[in-house]
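Consider the two complexes below, in which chain A is the common component and chain B and chain C are the respective partners.
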Partner chain A sequence: MIGIIDYGVGNINAFINILKQIGVPYKKVSNESELVNVQKLILPGVGHFDYAMKRFQDSGMIDKINKMVLQQNTPVLGVCVGMQMMANNSDEGILPGLGWINAEVKKFDSTQLIGNEPLPLPHMGWNDITLEKFSPILTGLENNSHFYFLHSFYFVCHEDSDRIASANYGSNFTCVANHKNVFGVQFHPEKSHNYGIKLLKNFSELC
Partner chain B sequence: MLKPRIIASLLIKDGGLVKTINFKEPRYLGDPMNAVRIFNEKEVDELSVFDISATVKGNGPNFKMIENFASECRMPLCYGGGIKSVAEAQQIFSLGVEKIAISSSAIYNPTLITELSNKVGAQSVVVVLDFKKNFLGGYNIYTHNGTKSVNKNPFEFIKGLQLLGAGEIVLNNIDRDGMMNGYDFSLVEKVRNVATLPMTVIGGAGNMADIGKLIKQFGIIGSAAASIFVYKGKLKGVLINYPSSEEKTMLLKEYLKF
Partner chain C sequence: MKDKTKKIQICTNCVMDSTDPTIVFDEKGVCDYCINYFSNILPNWHTDERGRSSIMKVVERIKSEGINKEYDCIIGISGGLDSSFLAHVAVKDFGLRPLFFHVDAGWNSDISTSNIQKLIDGLGVDLYTEVVNWDEMKDLQRAFIKSQVPDIDTPQDLVFFSSLYNYAAKNGHKYIITGGNFSTECVREPLAWGAYYQTDMVYVNDIHKKFGERKLVTFPRCDIFKYKILYRLFYGIRVVKPLDSIPFLKKEAEKLLNDLYGWQGYQHKHHESRFTRFYESFWLPKKFGFDKRKNHLSSLILTGQADRAEVLDRISRLELPEEELMLEFDYVAKKLDFANDELWSYFNAPNKTFRDYKNNYKLIQLGTKFLQLLGLEKRAFK
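And then the complex of A and B:
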C-alpha cells in the first residue's frame, strides 16, 4: 500500500487518480495512526519551502515518517517541493530540510542570459530529461522523455552517486535524485501524462 | 530543452463550457468534464479554466467544480475566476490545482499577489490581464469580463508584478477574443519590454500557424487558445481537438529557432 502524505500541501487527488487508474493500492495519510500498513510513501508538495516544512512539522507525522524512511528503509518519493524538502536546506527558506538526501536547494540565477534574454523564472513547462545513471524508477523512460516542471529553485546533490537524471534550464540541474530508499523528482509526474504514469508505476513496483 | 507551452483554455459559465467572441455572446458547447477527458487523451501541455461567471455574479469560486477538474486533469491546471482571498486560493490548491489566476483582485488589491506568493510560491501565482486597444492606439486593462476599464497605466503595473511576487502573466486581447485572426504581437512586444516573467498569450489564434508565428517571434512563450481547440471548420462545429505530439514537434521544428 502506498501512503500519500496529506499535510495540506500538494495535489493529493491527482496522485490518487493515477494510482487508481494503474490499479495500485493507496491511501491518504494525514496522521500517525494512518501510517499502519503503508509500505511506500509519496511526499507531494507545491509552494514555498518554509510553508511546506511548517505544515509537515505541524502534521504530527514527521517523527514516525523519519523513522520509516531512515530506519525501516521505506521507499519514499518526493515530488517538486516534496523533493526539495528531502535536502538539508533551501535558499528559499530558513527552516532546515529533512536531510534524507545530502543536498541543498538553490535558486536559479535569473541574471544569466538565454540568447539575449534573461532567464525567465519560474522554470515552467515541458522539458526533456537526460538519464545519468540507471535507476529502477526510470525503467522504460529512455532519454528525452519529457515532464512538466514548475519551480524556481533546484536540487543540488552533494554526492554524485545520488544524481539520476538531469534537465537543462540555463544550465544542467538534477531533476531525479536517489539515495538508498529515498527518491526525489523535481517535475510533476502526476501531471506529465504517460511519462509520469510510467514513473509512478515504476515506483509502485519497487521492492 | 524547455518547450513552448500550447495551452487549451476553457471558459466556464454557470457550470457549462462556453466560448465567447470579444467577451460577449457566450455559446454553450457542452459539459466541460467531457472536454477535459478528451484533452487528457490528446496529452494537452496545460489546461486553463476560467469561470467567467464567478466575479461578475459575485459568487466566488465554485469549489466543487474545481475539484472535479483537478481530479480529472492529467496535465497541469490553472484556475481563474472570482478568487479574492488567500484562504480561497489555498482551498483551491488543496483541491489539486497547480496554478491560480487572479485578475480584478490583482489589479485592485495588488498586495494579494504578495500574500499568495509568500504562501504558495511565485510559480503558482498567475496574473491575467484583459486588454483593449483605445482610440489613441494605446492599451487599457479591463476587468469584469471586459466591462470595467481600469484607470492604471498597464505597462507600469506590469513592471511591478514580478516584484510583487507574480510567477506568470497572461495577456488577453478582448478585441481578438474568438476572432481567430491572429495574436496581437504589438501587445506582447510592449509587455516583453517591461517584464521578464513567463508569459502566456491568448486571444486570436485561428490556426496552428498563428501559434507557430508567436513562438517564432517570442521563443519560449505560452500560446493559449480556445476556439481552435473546441471548433472545427468554417461553420464552427463543436469538436474538441488538439495537435498530436508529432504535429507539435513538426510545428516547433518549423517555427522555433534553436
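And then the complex of A and C:
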C-alpha cells in the first residue's frame, strides 16, 4: 500500500489517478493513524519551501514518518518541492529541511545569459533527462526520456553517489536523487504521462 | 502559396479586407465588422456603473454558491494580457477565490511562464497545470500541417478549451470565468483565416485519421455539442465574461500588471504561445495570405485604442524580422520532428480548407440557430 502524504500541499489527485490506472493500492494519509499498513510513501509538494515545511510540520505526521523513513527504511519518493524538502536546507527559505539526503537546494542563476537573454524562470515544461547511475526507479527508462518540470530551485547532492540523473537548464542539475530508501525527483511524474507512469510503477514495485 | 496579384479591398474604417471571403462593404466602403460593432456591440456594451452593477450581481452569486467550496470559480490562464488582467480583477477587485487553470501544450513562451508565476505569487492563488501528452500533441499538430488547412493551431485551441471544460465538469466547478472581451476582440477572426470551430471533432478526427501516426489516448477533447448542451444544461456550468462589464484598455491593463506584478507584455496578441506566434506571424500570412493582426488591430481601432494609419503602416510589414522567422521555422520543424525540407514542402504544397475534410459545419450552424431561438445563445459577433 502506497501512502500519499496529504499535508495540504501538492496535487494528490494526479497521483491517485495514475496509481488507480496501474492498479497499485494506495491511500491518502493526512494524520498519523492513517499511516498504518503503509509500505511506501509519496511526498508531493508545490510552492514555497518554508510553506511546505511548515504545513508538513503542522500535519502531526512528521515524527512518525521520520521514524518510518530513517529507522524502518520505508521507501519514500519526494516530488518537486517534496524532493527539495528531503535536503538539509534551501535557498528559498529559512526552515531546515528533513535532511534525509545530504544535499542543499539552490536557486537557478537568473542573471545567467542564454544567448542574449537571462535564464527564464521558472523552468517550466518538458525536458530530457540524462541517466548517470542505475536506480530501480528508472528501470526501463532510457537516456533522453522526457519529464515535465516546474521549478526555480534545484537540488545539489553533497554525495556523488546520490546523484542518479540530471537535466540541463542553463547548466546541468540533479533531477533524480537516491540515498538508500529515499528517492527524490525534481520533475512531476504525475504530469509526465507515459514516462511518469513508468517511474511511479517502478517505485511501486520496489521491494 | 497565395496568389497576391488579386486586388484587395480594405475597409475605410478599420483594416479588415477582402482576404476574408465573407466580408461585405457598404457604399462608403465600411465593412460589416464595423457595422456590426456600431449596431450590435457598442449599444449593448456597458463598462460604467451599469456594467459593474450587473457583473457584481453575478459575482455575489458566485461567492454565495461557492461559500463552502475550496474555490468558488475557475479561471483559465495563459500568461497573456486578457487572462492575466482577468485574474487580477477577479481576485483583487471582485474578491473571488478562483483556481487558476493552465494548460501546457508544450509551446509556452519564456515570458508566459514567468508571467504565470508572477501572478500566482502576487495573488496567492493556487494553480493547476494540465500537461498535454507531448507525443500526442505533436502527432496532431503534424497531422494538421500535413492536411494543408489554415487551421493548424486547432490542436492547441482544442486542448486549451477542452481541458478547462472537462476539468470543470469533472471537479464540480459551476463557474468558468473567461477573459473573452469586446475591447481587444470585437472583430472576430474570420472562419476562413484558420478559425474554423476547434471543437468540431468530426473535422479533427478526419484529419487525424488521414495524417496522424499514433492513437490519441489521453488527448483532451470536448466536442462542441458536449459543452454547449451537456455541460451547460446538465452540469449547469456557467461561463462569465467580466471584462465586458468593467473598463479594460490594453495599454492601461499592461501598465497595471507590470507595476503590480512585474508582468511583461508581448509584441502582439497570442504571442504567449511560441507556436501561435510562428503560425500567425509566418505560416498563415505567407502560405495563405491571411494576417490575423488585421482583426486584432481592427478591434483596437474600433475601441479607440489604435490609430488606423499607424496600423496600416504596421501591417504593411512582417511582425517579426525575416531572420527571426527563419530561426523560428527551424525551431518548429525540429520540435515537431520534421526535416527542414519536409516542412518547407508542406509549406509550398497547395492549400486546402475545412471543406476538403469531413466536418459538422452545417449541423453546428443549425444547432447555433436553435440555441439562439431558445435564448440560450447570444450572438454579438458578425
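The definition used in the following text is that the second predicted complex is superposed on the first by the 207 of 207 C-alpha atoms of A that agree within 3 Å, B and C clash if a C-alpha of one lies under 4 Å from a C-alpha of the other, contacts with A are read in each partner's own complex, and residues count from 1 in each chain.
One rule holds in what follows: a contact is a pair of C-beta atoms (placed from the backbone, for glycine too) under 8 Å apart; a residue touches a chain by one contact, two chains touch by 3 or more.
Just so we're clear, the structure is a prediction, and the values are computed from it rather than from any experiment.
Aligning the two structures on chain A places chain B and chain C in a clash. Residue contacts after overlaying the shared chain place A:His193 against chain B and chain C alike.
Applying the stated contact rule after C-alpha superposition, one finds that A:Thr139 touches neither chain B nor chain C. Of the two partner chains, chain B is the only one that A:His151 touches; chain C does not reach it.
With both structures placed on the common chain, the touch criterion links A:Val81 to chain B but leaves chain C unconnected.
Ranking chain B and chain C by residues of chain A touched puts B first. By the touch criterion defined above, A:Asn102 lies against neither chain B nor chain C after alignment on the C-alpha atoms of chain A.
Contacts of A:Gly125 after superposition on the shared chain: both chain B and chain C are touched. When the two complexes are overlaid on their common chain A, residue A:Glu117 makes contact with chain B and with chain C alike.
Comparing the two complexes, residues 11, 117, 120-122, 124-126, 146, 148, 150, 152, 188, 191-194 of chain A contact chain B in one case and chain C in the other. Partner chain A is touched in their complex by these residues of chain C: 104, 106, 108, 110-111, 113-114, 116-117, 128-129, 131, 133-135, 218.
Considering their complex, residues 11, 117, 120-122, 124-126, 146, 148, 150, 152, 188, 191-194 of chain A touch chain C. By the touch rule above, chain B contacts chain A in their complex via residues 1-5, 40, 43, 45-46, 67, 70-77, 93-99, 118-124, 167-168, 196-199, 219-220, 222.
On chain A, the positions that touch chain B within their shared complex are 8-9, 11-14, 16-18, 46-48, 51, 81, 92, 110, 114-115, 117-118, 120-128, 146, 148-152, 168-169, 188, 190-194, 196-197.
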